[in-house]
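Everything on this sheet refers to the single structure shown next.
In this document, chain identifiers A, B, C, D and E correspond to the written order of the chains, with residue numbering beginning at 1 in each.
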């Protein structure tokens, strides 16, 4: 298989979505099995492409013969494929969780939704066309909303409705932005837009910037735009939480990067700047810092575990956006490490907390009491996950946080003040994670009977944990991944050159 | 009655030498139940100046050598006096003031006052009078000192030897009022 | 005939109308309608981009067999296709919204959004 | 070795004998102030011998141990103090910091002994004494610091040497405020009125001594005597030029002690928290003023 | 070698998780064995100054994460003493934890903590220091609060303050790193010194960050509240580790980083303000130490909980050591280090004896105890020697270091600092005696009539610690000679000291003579005691009760024990003055955050429309912001 068949990554899930609908009539197990198989294939294929890309550089998979900048084409960069593999891994673990559920009349629909989700995510990360990105963005949102509303209780419906409203407004914004770009530059190819963005007047640039901001910030769970998170996380089912907290976040971050750094930003002196005259990087940094603080405070006073995890997810996203806004090689490396940490450990946390709270009436902190006695495996998973989340030394979170501080401090005074504030806020994060972990250690006599072990959960959790440990303890491997991805992120020129096949663009 | 005479338990040898110091430094504890307490301050202060003899008031029975019973003793206070006396360290002496501890004085027919202190604890010296004047008190003190020097003031030894006898007496009188005391409690 | 700028302004106004609707309507369905209006505004904006004054539709008819690229007077076809896609997606979103609205109604027995902000366990 | 032991015994006995003598003279002195005669000047010796001749009780081994330790602490402190021209150890001529710390052993031992007696009155007395200690240590330490700075040494012997040559050289004249502060602190250290709330006899039954009988009280007596000797000795060495002559040294100590006794004769008693406040106000201010004057 | 021994210990900890509950003494024996081998390993490193190990982990961006260990005299002394002390504590724990409820997690995390402890001391660069610092903080959370609700509340103060401090230190480290591009301690000190000359405010900011990190850990002034909470609620045997060893990290960091820096500045700087021949900054820090000791002393006087009292005492002692260190004379630094070591020993002893008391009585409030000395003589002696050392009374080890601290303060001409230290030292005597009385002396409550001395295995560490206190008191050179080599490695003037004698500018003291004088005096007193007439023992209630027979009166021994509100009148002395309660300040801070949090949560769970409102509003705000900036 060559890189030109990268479209399979999108097409296979789409095809399977239809197939599973049909096959589901015969046996409701089939779609679930198909799901796992497809995702395994996708994961394998994306890693294969990753190795290909790491040796050959950015590749362009042309669809239907139109050479860029015309037509729709898929751009395979190291960065996007890396995140894609990560997303597949998470969807895989989520679907293992999903498979473990008893089949009911919804199983086939959910499987279809998951296929749709996979396809949309693949499309988002692979496409080189901004309108195409919009389309996948919408599909992605629809899949997310439907998944959230699966549980059909008040909270989930309310959450999904909020999400729907915000993402619809956001997509309208995005559409306006895309329209503006098309109207002025006459192209929809991301590479070409990035190349010619400087031709725009500053006012137009600012308009587009605001539109993009409005479109993406609600997806990246950034504070004033993220009012959907608590209800959605709290109301959604467990595997949806994993998808939302990890896969969606990663995809959103990828879109954020493409919109703001490939299109609007351009690298000078080892750093991305924005063409519009107000210092856009500072706006992003400020918003993300505020987001971190507000989410940490919100999580600190929350009692429901899922709500805490939701807030924590928002704050981590804020931290990653902050790392993006510093936007040099070091901060991108930090951001990548943080992305790995966020997606893997958040998935583990959602998974294990669900198992620990099993049987409790109220899904709040108190239901964690005595978890270690009741459910040692998942408690241990939870502890590992949260230790990585809060940055226990020599875990992914630690490396990410430290290198974030390092890059922020060396950037400029403004960022070092903000990073200080963020660090203070993340002390609150430590506090509530340790509060949860402490509850696990509490031993009470009436809770000692062990809960039944769910092997699917355990398998999927330990899969994620294994990846996390490998990343943390295999320095060479992680170092290579992170540095080549960050290098890829920094290298906008190669991206444009490779896509537009123009070597002499400089 | 008493089982041992004073001569048999007199101080001898080394004790006689130490008695010289003891008599010169009599620290007293005054149990001020009656009117005798009024007479003590003039005895202590500059007019009669008890401190000439090395005597001084002490705060607790542990520190004192000399117990002053200054007046009548009710049954209830007798119990306290005995407790205090037993807490004092040997050698120790008791001086009874006035006629009440000797024979009951004006309370001789009271149901609640004991008539004769010597039945319940060894009194080394009684100072007569109702109440004794400071001169008489000083006189009594000097007599006690002489007795100590001769080794004859050995009431505490008597108490030790005749412990059972004293205790029986004490029990008798205390049981007489125990019904009242119990009710009180 | 029609100035492009007018279209832009109109679409912007329409967008604001939609926003106003989302902000002020109490009924969920009306809110969804307002959201649709916003999307429509964006669509109109896109269409307006492709529009050139006094041009004809971009249909390859007999008379336009010879396409003179320099002096052509046809409007840009690409926005139309884009809008077509966007409309389809918008319909999907709206349908989803309506489905959720139905569910919400079955829970709350009302469509008034103000009565849905119930205080659950924090 | 034998030499040192003899010197040790000399210092111990001197301190006890002189301390008891001072006590007796002090009692005589205060009796004269109050217009009566007291016992002879050797009354304190009689008292001590009587006390050791009495039988006694203790409640447990800690009481025995504590009382001995209290006495030993004071004696050990005296070993470090220059007594006139005499030093037990020629190389450590009165390190004032060691002396201040060694004094605490005495307090600790006594406090431990009487606390083991289990009488709350004793413990209340100890609590008061320790609180008071917090009061008088501050002005005292400030004067010590002043003299250490002035002499550039923390040895009492050096201070004494620097004061030779007429009484105008005495630190008492050079640093009058500090001397005043030290005198007030001395009043507190000796537990004389107005700072004797810890042994209030009719309130808490003589406080720490409440359960002491016979030789235990005798130890208390001896400790107090040695303490008088020690503390007046320290002040004499620090402020009154010490002396190369035993008798002049003792005379200075006696004068200082009589001054203290005279003050105590005319003052009523402070509540002890007021006493602490007083110590932190007046004498501390005096000592601090002197220190600031010195530094400037 | 170092890293492998760490890995070995960690592996042991991991394996020990699988020991069954019935055999859990095996786990503690295992830990003792591991700690013993670690102690031996560190002992063999004596003299191998400069021996280093390095392990590369990974590099993210421009930061190279690696672990570097190095043996220096300073690190050797600290790691040797702390590991030795943890060995003795673990001996105590073998029996103590046999029936402890959550001993599995205590043990597991404690062994990890011991590893972090050694690693902190042996770390050769700032990043390694930070890594283990952070790990230590995280792990200690679970030992202080192994699932106990009460100790969770207490540990929060510790945890949050430590974390904030650690983060401040992190910022400081990376500010320096962005200038010097290395984590090496010496070159960073040099870099910071250069920065002081070039850009003083920034340098002060960086130093302040480090100071925050170190001072929160060592509980100096504005952060002094956590030990009282955490030490008192931690497992009893762990309290001694916490108080004896863990609170010293901040001071270790100060000696490692700040003291060389300030010495540099005081020697070479032309621009920095000086006061009393030391940099003003350092002088202020010395004052912070002194004020801490005074404040802690007053708070200790007030506390009725015995562990809390000991914790405040710890804060006070840290205050002395900090004062002594920051006056930068070699006498002061040596005295500070010496006091840190001594404090580790005697405070471990004090906490172990308190743990023994609690093991037998299950009581912590002092007024409920009393008279235990008659039942637990070894524990009593340990505590007695501990407080004698803590109050700085000769002839035990505490006085030797306090003597040095005074000498350094006096010879450096810091009269008011010396006075404050003296005040708190006298106060220390005051509250320590209170603890001695209330727990061990006075009346024995009748419910403790059948209390026994702790098992022999628990007594062993007490004997060891008593012996250490006496030996170091008599031969201060055993510690001071290694301290001298520390001074040498820090390029400071060495102090004059032999095995027995300490010299200073002002005077000298010969410790064995001090001991012999005390022994002689005691012998003298004992002879006098023998001369007197024999005494007899009476029971405790045969006591002066103003003539009243306690049995008839219904007086029990509990009622006759004066221990509650011991220094109440003294506390009332300060009633008139307005009080600032640091703990309340932190609590109110927490309350404010929670209120804000509830407000935020309310918004998040409100109706979807407010979400849209805020969305629109924020977009408008961003536009306005952009407009204004533009």
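One rule holds in what follows: contacts are C-beta pairs under 8 Å (C-beta built on N, C-alpha and C of every residue); 3 or more make two chains touch, one makes a residue touch a chain.
These numbers come from a predicted model, not from an experiment.
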| item | value |
| --- | --- |
| Chain labels contacting chain D and also chain E | B |
| Separation of chain C from chain B in steps, with touching chains one step apart | 2 |
| Per-chain CA centroid nearest to the all-protein CA mean | E |
| Comparison of C-E and B-D by number of C-beta pairs in contact, larger one | B-D |
| Most widely separated chain from chain E, with each centre as the mean of CA atoms | C |
| Per Cα centroids, the chain farthest from chain B | C |
| Chain B-chain D separation of Cα centroids, rounded to whole Å | 37 |
| Distance between the centres, which are taken as Cα means, of chain B and chain A, whole angstrom | 97 |
| Distance from chain C to chain A - Cα centre to Cα centre, in angstrom | 28 |
| Whole-Å separation of chain centres (CA-atom averages), chain A against chain E | 44 |
| Touching two or more other chains - residue numbers and ranges from chain B | 60, 62 |
| Per-residue multi-chain contacts in chain C, two or more chains | 19, 22, 31, 116, 120, 122 |
| Chain E: positions in contact with at least two other chains | 542, 544, 598, 601, 605, 607-608, 610, 612 |
| All touching chain pairs, where touch follows the definition stated at the start | A-C, A-E, B-D, B-E, C-E, D-E |
| Residues of chain B that touch chain D when the two form their complex | 18, 21-22, 24-25, 45-46, 49, 51-54, 57-60, 62-63, 65, 89-91 |
| Partner chain A, residues of chain C touching it in the complex | 15, 18-19, 22, 28, 31, 35, 38-39, 41-43, 45-46, 49, 78-79, 82, 85-86, 89, 92-93, 96-97, 99-101, 103-104, 107-108, 116, 118, 120-122 |
| Chain E contact footprint on chain D (complex, rising order) | 5, 8-9, 12, 51-60, 62, 64, 68-69, 71-73, 75-76, 79-80, 88-89, 91-92, 95, 97-98, 101-102, 104-105, 107-108, 111-112, 115-121, 123-124, 126-127, 130-131, 133-134, 137-138, 141-142, 145-146, 148-149, 152-155, 205, 210-211, 214-216, 218-219, 222, 271-273, 276-277, 291, 295 |
| Residue ranges of chain E in contact with chain B within the complex | 542, 544, 547-549 |
| Complex contact set, residues of chain A against chain C | 131, 134-135, 138-139, 141-142, 145-146, 149, 152-155, 157-158, 160-161, 164-165, 168-169, 171-172, 175-176, 178-179, 182-183, 188, 301-304, 307, 362, 364 |
